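For reference, chains read A, B and C in written order, and residue numbers begin at 1 within each chain.
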Amino acid sequence: MELFEQILQYILSGLSTGAIYALIGLGFAIIYNSTSIINFAQGEFVMLGGMLTLFFHITLGLSLPLAIILAVVVTTAVGALFERLAISPLKDAEPIILIIITIGGSILIRGVAMLLWGKDTHALPMFSGNEPIILMGAAMMPQNLWIFGITLIIITANRLFFHHSISGKAMRACSFNRTASRLVGIDVKRMILFSFVISSAMGAAAGIIIAPLTMTSYDVGIMLGLKGFCAAIIGGMSSGMGTVAGGLIVGVLESLGAGLISSGYKDAIAFIILLLILFIRPQGLFIKGEAERV
Amino acid sequence: MLKIESITKIFGGLTALQGVSFSIAAGEITGIIGPNGAGKTTLFNIVTGIYDPTSGKVYYGGTDITGFPPEKLARLGMVRTFQGIELFGQMTVLENVMVGLHTKSRSGIIASALKLPAHLREERHIRERAISWLEFAGIAELAHMKAANLPFGKGRLLEIARAMAVEPQIILLDEPAAGLNSRETADLATLIMKIKDSGITVAVVEHDMELVMEICSRIVVINLGHKLAEGTPREIQEDEKVITAYLGEG
Amino acid sequence: MKFLEGSMKQELMKFFVFAVAVFTAPVFFKGGYIVNVLVFVGIYTILAVALNLLLGLAGQISLGQAAFFGLGAYISGVLTATYAVNPWVAMVIAAIAVGIVAFILGFPILKLKGHYLAMATLGMGIIVYIFFNETVDLTGGPSGLPGIPNLAISGIIFDSDIKNYYLVWSFAIVTILLSVNLSASRIGRALRAIHDSEVAARILGVNVRLLKVQIFTISGIFSALAGSLYAHTVQFISPASFGFNVSIELLTMVIIGGLGSIYGSFLGAAILTLLPELFRTFQDYDIVVYGIVLIVMTMFMPGGLVRGIPLLARSLLAKVKSGLPSERRV
């Protein structure tokens, strides 16, 4: 039964990283749905979450919970600043311009992080100890439970917000029809800012909960961002369950592939999935619809 | 020349067109009118290969062209203009028309990169033809202006000149008078008549009734995705169904 | 038509002046260290021009150009270092192989637009980079591939900075000429049409899909040639030179120079290659600088330096002129 246990192990750890990809993917989807922009800097918010927590906790000696809260706050501020300074002035520009701006933003954030904290990788301490929990022969770190728990909370809060609160519904309205939203009095500019705020906060949270398991450094944003994007694409850029499913799928497939086939190509697996989805079904696996030719 | 047979188009839950059929005769100007949202532009998009119909067929000179992509239709002599003018904004007025001559030229990548003599000869020819089309549309003096800087009315004329450069057999104009003042509309009417007189079939989607009644020899009325009526301008003006559709009951 | 000859003459003059400047430059620099740097400027010029054809002309964003650069370098490198193939033959094989890969990949990739295209090319670039790192037996993995021979023609071995300068810049000059020609031709117009309005281009009969793939292929082939040249001049290659960062650098070069301006790409390549050399101590700041440059240039000088500087000069001049006489505008 060893293979079974191994596969279970891979699936469990895959679900864990998948949850992170789901959170990052939701961040992409939320911004995309209110602005039609893909925020290339999303991965950097994830990186900032982990790195800032490290800074506050280890360098400044603050307690872990406080460090986490501060990290999320600062990252959210960075996200809001980014929107105000670089996105808002250019929202009517060609898509290429916006893509380049967000790429520029992501490089800038990454560069500043490197200057402040160097290129080393660091480990954040686990939230509740290093003793693995054995489940049906597969080992799970308590951190994984934290990941599942927090992800679940965030996703539920997300759903409640977007479907049951006025602001949330207003944001969804913006994503469906910006002009109509303006006409009924929704402040679209504020909604856009808000979407950046939510996405950067979620990204930071994702970065914080995964950091104890996978080490963090100034350039983790690129890979995590891309994989989160992959999750969002699979989910059809939906701010809901589709993206969550997408994240879990990517996480599990990546984990299985790395374990069963080859660990060196682990990162390549997610990107191959990304390419395949973009080539074959760019509208995602869960959305029905016809693609226009033009 | 163009036969539209039972075209139906359903977008998700919305039926944009339902069983629309009519013909466009060669060498004539046919108008397609109807209240907003009637499905006229959707019809154009289907005929010109931008959408596929849910069902139905389009025949062009006897050939079934349903589902043919736009670039193929251009080579078969069908060209169109857009409601919102799709100019090549960053290129000059002259260059815009030169792109219209793409199908009339053949220099490939290698010949262009190496500037072979045949390519140079062809470039000269393209430029000459393009200038004559600008003269045809009456905007030759604007040749070196950036297209994005054109006033709206001139932009419309450019789009038509560019389409004419394809040397089409049929040209479909999507609301060419939208946004034009009365003088510009009169110039437009003259230009369209000039096009028809050179033997080209014209189909026009329009809201400007005066223009339609003046230049079209035949009119098709579409309302809520159905063909409401078809006939000469006179017949349409007197058709009760049409009057009701535009003005409401009573 | 006099005008046609006139503007063509202008272009030829520009090119001639540029070519003369390139070929006489080493004399002015008395063959110092800067000649070595200029070799790299040449290689990156080829790469930047290749990207500009795709991005500036056709409007197709690619964040994976480093993949073609790397493939060209590794195919040349492996064939010559491990299998002792003639370097020129290897270069041709690399160009053809990469051309085929680009052509085949081009069809599915270029169906995508905007952000999706950017992500797909990014993913493609990273997959190739991982491949270079993992196929240790073939490529030497992260430690790199040493022992790549120099190129040679009839007894002249290109083993010094000055010889490599002329080798690389011969290729660069030809690339620039071909690209300038292409840009001002029927094909160039069709590409710019695709950039401005794909649907209008199609309606006029342009085979958009095929043309996009063709320009993607050409861009790939030029990049592969640059890769081969890189391999033979540096004689050692490792995956680090072909990662995501390089694709971003190339993007920055094209943006600085100006989308669509071929000579601008040279300017961008020159600036981004020379400046780090001049400010050696600020090596670590380069990422930050790229980020700032991208944002600032895109926001304030979208036409790049080539168009931006003349515009800036003109507007400054106008401000000076309006400030001189003591007229006040209410």
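The rule we apply is simple: a contact is a pair of C-beta atoms (placed from the backbone, for glycine too) under 8 Å apart; a residue touches a chain by one contact, two chains touch by 3 or more.
Everything numeric in this text was worked out from a predicted model, so none of it was measured.
In this assembly, B is the chain whose CA centroid lies farthest from the centroid of subunit C. Chain-level centrality, scored on Cα centres against the all-protein Cα centre, points to C.
Mean C-alpha position of subunit A lies 46 Å from that of subunit B. Remark: subunit B and subunit C have CA centroids separated by 40 Å (rounded to whole angstrom).
In this assembly, the C-alpha centroid of subunit A lies 32 Å from the C-alpha centroid of subunit C.
Shown for subunit B are the residues that touch two or more other chains, namely 50, 69-70.
With touch defined as above, residues shared between interfaces to two or more other chains in subunit A number as follows: 294. Multi-chain contact residues, meaning those touching two or more other chains, occur in subunit C at positions 199, 202.
On the subunit C side of its complex with subunit B, the touching residues are 1, 3-4, 178-179, 181-182, 185-190, 192-193, 195-197, 199-208, 214, 218. If you check the complex, the residues on subunit A that touch subunit C are 37-38, 40, 86, 89-90, 95-97, 99-101, 103-112, 114-115, 222, 226, 229, 233, 262, 264-265, 267-268, 271-272, 274-275, 278-279, 282, 294.
Of all residues in subunit B, only 48, 50, 69-71, 74-75, 79-80, 82, 86-91, 95, 98-100, 102-103, 105, 107-109, 112-115, 119, 122-124, 126-128, 162-163, 166 touch subunit C in the complex they form. Remark: subunit C residues 55, 59, 61, 63, 108-109, 111-116, 118-120, 122-124, 126-127, 130-131, 133-134, 198-199, 202, 244, 248, 251, 255, 284-295, 298-299, 302 touch subunit A in the complex.
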